[in-house]
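Take this structure, written in structure tokens, and hold onto it; I'll ask about it next.
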Amino acid sequence: MKNKNIHRLARDAEKADAPILVSERYARRSQSTEIWIQFRRNKGAIVGLVLVAILVFCALFADVLVDYDNDVTGINISQKLIRPCRAHPFGTDDLGRDILCRVLYGTRYSLSIGFVAVIIGMAIGVTFGAIAGYFSGLAEDIIMRLTDILGAVPSTLMGIVIVSALGASTFNLMLAIGITSIPEFVRITRATALSVSRQDFVESGRAAGFSQKRIIFFHVLPNCLSPIIVQTTLRIASAIIAASSLSFLGLGVPVPAPEWGAMLSIGRQYIRTYPHLTLFPGLAIMITVLAFNLLGDGLRDALDPKLRR
Amino acid sequence: MLKYAIKRILLMIPVILGVSFLVYFIMDMAPGDVISVIAGDQNLTTEQLAELRASYGLDKSVFVRYLLYMKNFLRGDLGTSYITHKPVLQSFMEKFPATLMLTIASILVTIIISIPLGIYSALKRGTIKDNVALVLALLGQSIPSFWLGLILIIVFSLNLHWLPSGGIGGIKNVILPALTMGTGMTAILTRTTRSSMLDVLRQDYLQTARAKGVPEKKVILKHALSNALIPIITIAGSHFAYCLGGSVLIETVFAWPGVGRLIVDSLNSRDTVMVTGCIILKSTIIGFILLLVDLLYAVIDPRIKAQFAKGYKR
Amino acid sequence: MNKESLSESILEIRDLTVHYEVGQEVIKAVNHLNLSLKKGRTLGLVGETGAGKTTTALAIQKLIMSPPGVIKSGTVDICGNKIMELSVKDLELIRGSVVSMIFQDPMTSLNPVFTVGEQIAESYMIHEGIPKKQAIEKAMKMLETVGIPRNRASEFPHQFSGGMRQRVVIAIALTCNPQLLIADEPTTALDVTIQAQILDLMRKLKEGRGMSMIMITHALGIVADICDEVAVMYAGRIVEKGSLADIFNHTKHPYTEGLFNSLPNIRNRSMRLIPIPGLMPDPAHLPAGCAFAPRCKYAGSDCTAEQPEEHWISDSHMVACAAYGRNGFHIERHEK
């Protein structure tokens, strides 16, 4: 009886003092179930998760659902500019292509651009943010100044500049948006890393002789995860808007690609006579962005310790 | 306090330099030869092209050109447009008031809607009304602004014929663009107001006020709101700066003759001088506005003000 | 409001019950509480955290936050004003003028964006209807009364230390000469030395104005120092009340005994502290009988069946303990 109590006290003490170094397995298992329970309670978050799942499914299996050559890019002038009807639920565009098929295929572009762009931004931003937060001093100052410079240019304009400099292609679009995402990641990571680095377990790691790199990547960063995860999700939402914005301005994916922003740009020319061209791609953007925003908000609520009762 | 302001202004200088170099450098990589655009239809020999190039100073390395550019920049000369042959600064100043007007109109719309809505939402926390407001806010945040603009044009301009579909003019022309630009801002500011109010509503000093006999309405609008406004104002300020920067899309959709349109048009005609100059100027202005917002924050929160008075950095 | 007789009753609370409805649970914070206070007297309301002391204090001015708090029953009478029946507007007139309250944590009780002068002056402006300039002038005088130089009226709360902020809070409470001052653990958040200063200040002010006071505290030392009467609360009920001498020298209730036993005895340093075993019951799941019975060493079957009756030992001394219904029962802590 006595022994059990002592073990429990010791384990609790471990959990309290060293969130990651010791009792990782204990902390992780109960933490993730706890987070999932909190997440499940938020109806909006569930809706977001389901929507994202559907969108990812569409993107992955787009080739199966839709025939690229015929439906997406096949020009069929005789069928052009048909309003929504049974054969073409979303209508057809100015080159006779079925809009429903193009919108569906467009998930592939939007999601891939969103994901890759944010991964680029995250990889670079988080690394530098962690370095800045952990080392402080000169390294921090330099990194933060550079971040300020990068962030000083409004993201839309920056995207425009990079794409027009590098040329309009899907990859350049991902790169441009990724670069504009860096400052936010740096700032958030630095802020969290700063407070985490001051905690005792980091000091004990140093005393135990761990290398700086090990401490940063295995001890500091894992504790910064929550805001980074939330930011990543929300950033995907803004990346998708940025991608469609740039495509709308003609600076995105090359022409026949069924990217939603590009489709809106075409639709704009026919806005007076055939408004259906504008309706559906925009709706698609909105629903996709909404899904990621819901997911991101849900994650933020579930992961935020302050909100736990 | 003044010392802090001056220090911040001085700190901005390296940032402006960095931005100008970054933009200049990237724009320089842009494909397309300006010279051929300028030469146009004239069939010039290679030597004449080279001469033309040298006359525009385009034969030197990018670093040298950048330094020359900055030398002129500091004298207020941002170069002359390759296409219109007007000084860049002049073109910018011609178009900037339009962008400014649009942004101010949209932020007014935003403030009028989002602050009362946010307060209401906070007071009715958890009820259906609150949830509806939150859902609307989320929708507003998720709508792509240019699409919203197009939809509004379809509904209000092409179908109902109430409002014009573009161009600058009187109040009627500002409404749709301002609403479009303001929607995203309204959504975010409503949520900010709500969470700021929720934070403040938990505070003890409100109970002190009630125990004094202050009527409930005054407790909310005077005692609570004055505290909640602090973060709201700073976020509104940074959003103002963000909208100023992102006006490109709205101006394109509504054919609004502002700086955003100028940049896009110049981009299409490969007028790199204009693009570079405009972006640098815009970024600088936004930077100053953000600085003002930071200083404003210090002015309205007596705790921060006291810190500055003692010379601490925030 | 007549101020005729000195033995005039300032406060009468009858059968007060306050619940907090949070989701599915009902937290029974205050249960059928009876309390009264005469003019010029100071009552010490004693109990552990969670006993319901603050809720009682808030209920007196009907300051309970309405969701989730609900006043289920009871009447409160302050100088003839029937609090539970008054309209919101009338309540606002009474709060701050007839009855005033001082809250526990001075660090968070003051509004950070207004000067202390403005916060004191606001009370004058509301209750006396005078213009701002005059009110600030009166506020500065009030600051001097609580021992703060008058020119500090234009400073903000964060520029003051904890003890000085509490003085400001006291100044705000006293602006309109209230008949009743409720002080909710006013010194708990302060250093011991500052505590003594604040208590001294409160005693002086109270005597100078003939004010009645309710001092909410969990520290028996403060009670001994400043109170005339004591009421001991447990799980939302008053388990023993009486004059200072009654409670300290003729302790009757086992819980009160437990409180005294938990204090170190300065005369007998080597004596062991006897803590009260167990914890206070969850106010959402109170037992049907005496709430203290599970922790009481005198508990019997008569205690758990139903709520104990009130036994009046003398005119002033009441104890709610079923054990006193048994013949010859007394707790171990004897008369001094």
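The letters A, B and C name the chains in turn, as written, and every chain counts its residues from 1.
Simple rule for what comes next: a contact is a pair of C-beta atoms (placed from the backbone, for glycine too) under 8 Å apart; a residue touches a chain by one contact, two chains touch by 3 or more.
As the structure is a computational prediction, the values presented were derived from the model and not from experiment.
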Chains adjacent to chain A and to chain C under the stated definition are B
Could you let me know which interface, A-B or B-C, is made of more C-beta pairs in contact? A-B
For chain A and chain C, what's the span in angstrom between their mean Cα positions? 54
Indicate the whole-number Å distance between the mean C-alpha point of chain B and the mean C-alpha point of chain C. 54
Could you please state the distance in Å, as a whole number, between where the Cα atoms of chain A are centred and where those of chain B are centred? 23
Touching at least 2 other chains, the residues of chain A are none
Please name which positions on chain A make contact with chain B in the complex. 44, 145-146, 148-150, 152-157, 160-162, 164-167, 237, 241, 244-245, 248-250, 261, 264, 267-268, 271-272, 275, 278-279, 281-282, 285-286, 289-290, 293-294, 297
Chain B touches which residues of chain C in the complex? 61, 63, 88-89, 92-97, 100-101, 103, 105, 108-114, 122-123, 126-127, 156, 158-159, 169, 172-173
Which residues of chain B touch chain C in the complex? 203-205, 207-216, 223, 226-227, 230, 300-303, 306
Of all residues in chain B, which touch chain A in the complex? 14-16, 18-19, 22-23, 26-31, 135, 138-139, 141-144, 146-147, 150-151, 153-154, 158, 242, 244-246, 248-249, 252-253, 263-264, 267-268, 275, 279, 282-283, 286-287
